[in-house]
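Next come two complexes, and both contain subunit A; in the first it sits with subunit B, in the second with subunit C.
Entry: the complex of A and B
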């Protein structure tokens, strides 16, 4: 058990010059003892590299790693007391399931009786008890992956368990079960778990804290609801949620924004004039009457029935800046012909195709992003866990 | 939908049947034909039934050659397979060193059999050969032409020198095919170098080792050229292996009948051994698993 602190940068090239040469840009990151973390991001964003650096399979090209007060930068995985589960099942073909599970214990010289007891506990947790004496080579892919998971969890004194997309090969039904199992194990054993995935559902259901990564950096780290409500970066808004956040380029002056948003968004007079982007989640985008203040004229282009809700696509009419179309918005906001998506709950009134509607972009949940795609103003703090 | 029975597709197999007939079946049948006849002259031949087979199986000389052959093939496997694995483990994994090593290791495989024999014939001479002269200088009375043990060891060393690289290359390819995750998992699990070899590398090499063992067994069982060039089967008959014996019979003494009978026996022995070895190696490391498990392991 340990608190893991990273202060690193990593490049697979010998002399990195620009940002693109780095697999991981310089970063500081702390994983608290006993937390359930997820590293979420698209392929190639550096999440597996980060995991391998924590476990010691990869040595960072710069910086250091600390487990509590102990520096482990130069230590091999064997000396770090860490477990890792890989994307594809790794089993030792010639051993039985029980021998496979006991392998990490045997290598550390733990006595036979304790090892056997521990294996029995883990096998029970993962529903492998019936197969303990079978040869591991003959099992199906998801059984093998369960063995890999078991080998990761079998050591009681392990500092942290790292998962590298461990459920990729598992079929959906079992995936759900195993995810719950891991969550249960986390609650029971209070191990530090770090889980790498590119599947947002997996990350959001598994972790207390999700680190969203993109091109070698952590763009935001927070609870699932924080990521949903206040994406700190356009990438997070786009990546989290299904579909992701709507973005509309907005050209306006800081004062106009403050005026439009009224009390809803904290006015920031220091906002530089220039490209500004408004972001709103499909869940919070609202249909309204065209004459309502702030309404943006749009035309309904798609309606999809998703079962539990409707997904509506609305095309915003191009509006030139300063042109008095609609009410209010046209005075300060120039909007391109963007397609916005909104979710309507089952009970709500669903518009017709090609119907002209108004869209209310401004709500307590509206976020604003600056030219570097970073959050400038958004729902003010107090985001409760819901 | 029930398809009508149509046997016309058999015609498509005809070219293959013709090829195989001319290249394998007819020559083999000729041998069978010889093995049951006593050919006195091209015009006069007598049907003798299984007489030659009985005679050949009772031949003391043949028993000797057979024993020497098995001893030799066994020695070849015992030396070359572990040596090849060690060599493969020691070869560099990437960079220019890997390419350079591959070329160096593969070099001996490019040399024709009779040239190998000639090289070793000179190499082993005590007057001008490096090996012979060095052994002589060390006080060993080394002579592959006079001492049967020396002759046998030299033929073995020659084969090891010539063919261990094949085993090494096969194992090298097998080792490269093991996914990195296995090594990573082993490091995480705290496995020692020996445990990595025992539980990851060796089981994963099973397939290529099977091929290596079969190839080396068959090849060494049919060895002819090298001892022929080096020792001519001597001294005495210390290095007269089965094919040497066969050639002496068929070409030297022109005993076509016994030679043909023996060829068939020889053929059956190789077939039988390969079959047994193959089945045994298939089972090693997967005993106790079902047929489904066997497929899962692939």
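Entry: the complex of A and C
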């Protein structure tokens, strides 16, 4: 087991000049010993490059990588003491399930009795005990991928286990069971696990810490609830959640900030009044009566019955800061035009199409972003943890 | 019609009349018969028995080229050696009824609507998956066909692109005049698209109706299973005087909920949607059934957390809005509102569904419902 530290940049081009030439922009990243991490982002964000740099399949064009106190920058994957699980099963069809699981141990000269004991433990965890003597050839893709997972996890002495979209071939109905297995295994074995995926469900369910990546950068590294409650970057607000966070350009007056000071914790020392982007999730945007203080006038444009809740689209017209429109956006927040989404629980009052409603943009869950899309103020920590 | 190939039945006999000018979702797992049905509608296959009519005309056996149909597939299918503009223009040129200037205008207009106007001179191979699918969609829309068939068009895109394109579909199809048929495996997608839904399972058409109605009033356990994600909680039960006995000493009191229902008897299945179960320390009303359970896994979808539980009644799934953290093995209590119960008889037919679901545009009903639930939340 190891703590992994990267201080790297990587470009697949020989002479990178601008940001776009880099697959990974200069970064420092530490993966603590025994942690469960996910690298999450759209295709082309650099997540697979980062995994390949950790495994040794790719050598970073700049910088170095450390496993505990040992520098491994120039070492091949075999010399790094890691295990890997890929998208598609890697198993020997002619071997039995037990032989497949034992292979990484035998390869390392672990004695027979210890290998057998370890295989039994892993097989039990993955519900493969009943099939140990069966040949892998006859098994389904699901079962084969379970063997691949088992082979990745069977060695106790690995520095880290790296997963590259390992549940792609798994039937949707079985996915949650394997996700659960992976969680249980992490709890019991406390291996350092790093999991690459473009799917938010995979990342948020699996990992204690998720690194959200975009265009060669880690835009936020945090727990699933931090990513949901306090996105450090607009991209995170957009990428996490379906639909993602609403964004609306706003102009803040000083008194609006004073009003909010109690509820919001600034991410930066000072939030300058002026042009910002307000972010609020559909789960936290509330409808209100037009005459209520702080109500922003909007018109209902879309209503979708999602079964367990309603998804409502409300169109907001531009309002100048401090301008008394109707009963006013009393908090001194000027807004630009936008279509905002809000989620209403079943049993809540659902408006009608084209109805004029009020929206409450300011809540303890409201976030503010600067012109570089970075968080300036948002909810205080610990929100959303049960 | 029905469709059979050799001994293998692809579609059992059924009747289906699509709502003209609106959207119909074909919902079902892989192998349910969705693609078979689309191919029959397109004229790519001929039914083994029965007939197909389009606008009153019998089109059974009429070749796809002679039908007024456009189709979009899972794979992003474009002409690889033609530019994006030529791809979109191809059905217009083939029809031979439009002047070149008009074709160019139409291509520009479609490209703008699908936000690919910047790529008109490129080859499809140089575009991302999402852009390629937009080109395929623009080409399909260019035909202005009266029937538009989409076979899981978003399945090969990642979820953010899927969200974006799905929203655009709704705008593109609204008031377009075409009858649109959209096949998907995802219940959530069917709900987002709205319109009507036909639920298919193992080659059978199980139910057809307005999407929300099919979701809220599934005719059978099979429909409820096919049209729920996370899965509906299904628990074997027997009728007793005050409601239903779920075993393990747990009885769901249905006296208030079942006033309108004939007496229950024999073996039943209780169905409760994940979103209708509650996990909380709040004071539940006396008629709520409290079920002790342990957390097996908290799955986080991004906007919701699905908590998989082990209970004396078997596995249960509870849905909560937002991101929540639960430890594996954590003990919790599940609250079950009898008012949210579905009941299915021994044959799997639905015999009871929760009180009429409030729909948009019925404010009095809404207020009644909200007043009633105010005390329970």
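Note that the second predicted complex is superposed on the first by the 336 of 386 C-alpha atoms of A that agree within 3 Å, B and C clash if a C-alpha of one lies under 4 Å from a C-alpha of the other, contacts with A are read in each partner's own complex, and residues count from 1 in each chain.
The working rule: a residue touches a chain if its C-beta (ideal position, glycine included) is under 8 Å from a C-beta of that chain, and two chains touch if they have at least 3 such contacts.
Everything numeric in this text was worked out from a predicted model, so none of it was measured.
Asks: Taking the superposition as given, does A:165 touch the first partner, subunit B, the second, subunit C, both, or neither?
Replies: In the superposition, A:165 touches no partner, neither subunit B nor subunit C.
Asks: Could you say whether A:200 touches subunit B, subunit C, both of them, or neither, answering first, second, both or neither?
Replies: In the superposition, A:200 touches subunit C alone.
Asks: Compare subunit B and subunit C by how many residues of subunit A each one touches, and report the one with more.
Replies: C
Asks: Who does A:373 touch here: subunit B (first), subunit C (second), both, or neither?
Replies: In the superposition, A:373 touches no partner, neither subunit B nor subunit C.
Asks: Please indicate which partner A:229 is in contact with in the superposed arrangement: first for subunit B, second for subunit C, both, or neither.
Replies: In the superposed model, A:229 contacts subunit C only, not subunit B.
Asks: According to the stated criteria, A:55 is in contact with first (subunit B), second (subunit C), both, or neither; which is it?
Replies: In the superposition, A:55 touches subunit B alone.
Asks: Which partner does A:307 reach: the first (subunit B), the second (subunit C), both, or neither?
Replies: The second partner, subunit C, only.
Asks: I'd like to know which partner A:180 touches here: subunit B for first, subunit C for second, both or neither.
Replies: So A:180 only meets subunit C here.
Asks: So in the superposed three-chain picture, is A:82 touching just subunit B, just subunit C, both, or none of them (first/second/both/neither)?
Replies: first
Asks: Help me check something: in the complex, which residues belonging to subunit A touch subunit C?
Replies: Contact set of subunit A toward subunit C: 42-43, 172, 176, 179-180, 183-184, 187, 198-201, 204-205, 223-225, 227-229, 238-244, 281-283, 303-311, 343, 345-353, 384-386.
Asks: Hey, which residues of subunit C end up touching subunit A in the complex?
Replies: 158-160, 163, 185, 187-188, 191-192, 194, 211-212, 215-216, 228, 273-276, 296-303, 306, 308, 319, 321-326, 328, 357-361, 363, 366-367, 369-370, 372-373, 377
Asks: Which residues of subunit A touch subunit B in the complex?
Replies: Its residues touching subunit B are 52, 55-57, 76-78, 82-84, 86-88, 90, 92-95, 103-104, 107-108, 135, 137-140, 148, 151.
Asks: Under the touch definition given earlier, write down the residues of subunit B that touch subunit A in their complex.
Replies: Residue positions touching the partner: 179, 181-182, 184-185, 187-192, 195, 199-200, 203-204, 285-286, 288-290, 292-294, 296-297.
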